[in-house]
Amino acid sequence: MRLFTVKRHIKDSFRSLKRNGWMSVASVSAVTVTLLLLGIFLALVLNVNKLSSEIENDVHVRVLIDRGTTKSQKQHLKTELKELKDVATVQYSSKTNELKKVVGHYGSSFQMFSGDDNPLNDVFIVSTTEPEKTITVTQQARKLKYVTIASYGGTQAKQLFKVMHTIRQWATGFTILLLFVAVFLISNTIRITILSRRDEIGIMRLVGATNAYIRWPFFLEGAWTGLLGSILPIIALDFGYSWLYRITAVQLTSFGYSLAEPRYFLFVLNLLMIIVGVLIGAVGALISMRRFLKV
Amino acid sequence: MRLFTVKRHIKDSFRSLKRNGWMSVASVSAVTVTLLLLGIFLALVLNVNKLSSEIENDVHVRVLIDRGTTKSQKQHLKTELKELKDVATVQYSSKTNELKKVVGHYGSSFQMFSGDDNPLNDVFIVSTTEPEKTITVTQQARKLKYVTIASYGGTQAKQLFKVMHTIRQWATGFTILLLFVAVFLISNTIRITILSRRDEIGIMRLVGATNAYIRWPFFLEGAWTGLLGSILPIIALDFGYSWLYRITAVQLTSFGYSLAEPRYFLFVLNLLMIIVGVLIGAVGALISMRRFLKV
Amino acid sequence: MIQFINVSKKYNRTYALREINLRIEPGEFLYIVGPSGAGKSTLIKLLYRQIRPTSGLIRINKFNLTKMKNRNVPYLRRELGVVFQDFKLLPRLTTYENVAYAMEVTEKRPTIIRNRVMDVLNLVGLASKSRRFPDELSGGEQQRVAIARAIVNRPKIVIADEPTGNLDPQTSAEIINIFENVNRQGTSVIMATHNSEMVNQRPHRLIEVVQGQIVRDENKGAYHHAAIYR
Amino acid sequence: MIQFINVSKKYNRTYALREINLRIEPGEFLYIVGPSGAGKSTLIKLLYRQIRPTSGLIRINKFNLTKMKNRNVPYLRRELGVVFQDFKLLPRLTTYENVAYAMEVTEKRPTIIRNRVMDVLNLVGLASKSRRFPDELSGGEQQRVAIARAIVNRPKIVIADEPTGNLDPQTSAEIINIFENVNRQGTSVIMATHNSEMVNQRPHRLIEVVQGQIVRDENKGAYHHAAIYR
């Protein structure tokens, strides 16, 4: 293709976008709304996924230390625990500290056990690199010296894994659905606009334009439509998310969680929105035209 | 309007729907996909709301009974508790039973306290008519005789309320957003199809048709488009949801929860989808035409 | 009665019509001739109020077109039957339906419509093509559908913009016969045309428009262009 | 050279053309006349392969239209310049752009296009209206844009379907002059027309189509219809 033909196609596509007036506005705004929905939903789903992983990661192995274990023995145990496969961190919690937690959960009737009456053990709280590894780590920890017992919450933790797994499955399923819906709605809009221009395409064929020549401007116009349609939702999402990130930071941190850090997260999301918009706009145009290029 | 004119409008609207061929298919399928998304999402949100309420309802007031209270005294306390405002149910849990729960949560180091060593109290577990009432009920219970202490989980319960509240807020916000998106996308599709028929409307005006006369068939055609577009998503949702309800019944019941019962729930959802489809289809057509009825 | 008083029509910066004064009595037969782009169609579009004049006054019977509200325009148009230069058939309606539509909008009874539509289709020789869509008709056939639609309501005024441009002389003669019959029953006929043969052999009042102005208004005027094809 | 061998075209159940045999040599000037609905446009649509014949063979120069693949059709059409009966202008392009488009598709250089387009617009008298959109032009002006587009590529064959239907005699004469000039430079011209005056005063080879069949093929044929308007 000659350079001036390339220029012509680009010029033609802009001209057509401009002169189609309300039709262009309508299809750009359809893309806008669809991508806005997709963007907000993706941001939500990705954070739900992140949060559910973090919640899973809150499942720890509790290693009860034999009563009467000395400080250096504890240190030794800690090192051993750290050297186990899949162990991420090991934290110490004294029995006094543990009693406080019990009182927090079960009321002050336990207050009487303070000091030497405290029936609880000192504890190492071991977190694993992956939530699913807690089980094997627990089994390995049980075999170590100075360990009374090691547990990870048993059925409760298993249920939590299950719930979180279900949530993520649903979120993923819904994301795929929404992606399909977005693709369909955008390409369907493009299809209607091209359907309404079939006479035009027919005339182009009649005056000797090849199919390739006709296709290019429509292809580009579809791409611009997608591109223009992704501007507003990207701006809205970027500002909205950054704002949300800021105002929820304090609250969520108090739970020990946080939303995905905006910078990289938004970059990926924006890229995805542009790609969906431009690709579906352009390819949708090509596919919709096929039928009218036969005469 | 004469009867034969009414018939004419109806006939014209069907004829136009048929003869617009692919354009009709495209707009009906846009409605279909939009309503499918809306339906699935509404089903999800309504169930999330239901579940979150049920989880909130799991917050109870724990009334610790003084050690050494006799059976008949306990019976008296139970009656008193039941008579408190906003109390729904009162359940008894012996200290042996309570200890089992503690062992379940905190490991077997508590096993040694079985029998008379058990440091725990017998407990009445009081559930309130509304989760928010737990606080006042707790305060009232504290004043009763034989009550060591009454508590509702304090900050923990408050946090749960907050989390559930946040989830419901988000779900509601997202529902409203999706409703707007659905309305916009459907009316936008209708707008594009009408935009592509502006010449037709112009000719109708030129041969002496009044605006009202022109509007009716377009209005009806919009309504049929919405109606046709709601058939598939309704079928899909009804079957899909009933199926989901059946397969999740066992699993969820084990947690003590359940999805909304399909019969009434689906009826409301279906009605909503039809209303959105038909109303937006018909009204969207009217609004989109306005501009072309001026010459 | 149709009356134009000092009517001008400007598109952007150029005048399509300039200070037109014209009076057409009920029952008249009027040719409008003039070169391409002279303003004939503009004058006709003003008559059925597709466009409004830039200045001046237009009256048709009881209607004052300059002051008329948009919502009353349909009632004006029902007194007119118009053959548009580009036909303006509804593409998704058949021949029959296109003609019937113009009657349906006036809320006539179905049986009356059925008979009358088949009558006019017979008149223009298209009864056998009543179920065809416009894009399944030849150019001349489309033009005749447009003519049938213009006369189907027995309007008080028939306005035809180049109604024989796509018709052979034989068919054109049949069409002018139809218009003259309609005219004999008291309907005014206003026809913009380039068909010099027709104008010369069936003389009627003729106005010639050149560059937006009426340069000639003769009672049995002829189309002057003496053998320009030489 | 154009050749039709036993060509028939059937729409649904009715024949629009029946067993047509025709041979047109390079450089010929051919009128096609006949009543409305006779099959003239059908014959022309077959030439630029908007439609395919039901049976028979059509050849144009090196192209066999009956066997031709869809993707080669544009190259046939570039050797033809066609004036469509309904103009077929692109509604969202200006006069200039409509004419230029036919050149752009052949990937000519911008400077060449600019000069040539303005030349042909001058030729048809529309240079001053080059920035108008089709719906801002009169019927005759639109028709002249279509004519300009048909000749802009200096095609080997010019095909015109009723190219003077919306033109006054003066402008029609200018247009036939253009076609004759083009023809003198070796281009074949095929013109379907109802303009009897033109056919009779500028005689060329003439074929008459009636009910889908060629009933007459004369070298300097005249349009017979002797004063039918009487």
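Order of writing sets the chain letters: A, B, C and D. Residues in each chain are counted from 1.
Following the convention adopted for this analysis, a contact is a pair of C-beta atoms (placed from the backbone, for glycine too) under 8 Å apart; a residue touches a chain by one contact, two chains touch by 3 or more.
None of the values given here were measured: they were computed from a predicted structure.
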| note | So the chain most remote from subunit C by C-alpha centre is A
| Could you state the distance in Å from the CA-based centre of subunit B to that of subunit C? | 62
| request: Could you put a whole-Å number on the gap between the CA centroids of subunit A and subunit B? | output: 24
| field | Distance from the mean Cα position of subunit D to that of subunit C, given in whole angstrom | value | 28
| query | Just how far, in Å, is the C-alpha centre of subunit C from the one of subunit A? | reply | 66
| In subunit C, what residues contact two or more other chains? | none
| query | What parts of subunit A, by residue number, touch at least two of the other chains? | reply | none
| Line, ring, star, complete or other: which describes how these chains touch one another? | ring
| said: Under the stated touch criterion, can you name all the chain pairs that qualify? | reply: A-B, A-D, B-C, C-D
| query | Tell me, which parts of subunit B touch subunit A in their complex? | reply | 22-23, 26-27, 29-30, 33-34, 36-37, 40-41, 44, 62, 64, 102, 105-110, 112-113, 119-121, 148-149, 151, 156, 159, 170, 174, 177-178, 181, 184-185, 188-189, 191-193, 195-196, 255
| request: Spell out the part of subunit A that touches subunit D in their complex, as residue ranges. | output: 2, 4-5, 8, 16, 19-20, 200, 203-211, 213, 294-295
| note | Within their complex, subunit D touches subunit A through residues 48, 50, 70-71, 73-75, 77-78, 80, 82, 84, 88-92, 101-102, 104-107, 109-110, 149, 153
| task | Note which residues of subunit D are touching subunit C in the complex, please. | result | 11, 33-37, 40-41, 85-86, 136-141, 144, 161-162, 165-173, 176, 194, 196-198, 201-202, 223, 225, 227-230
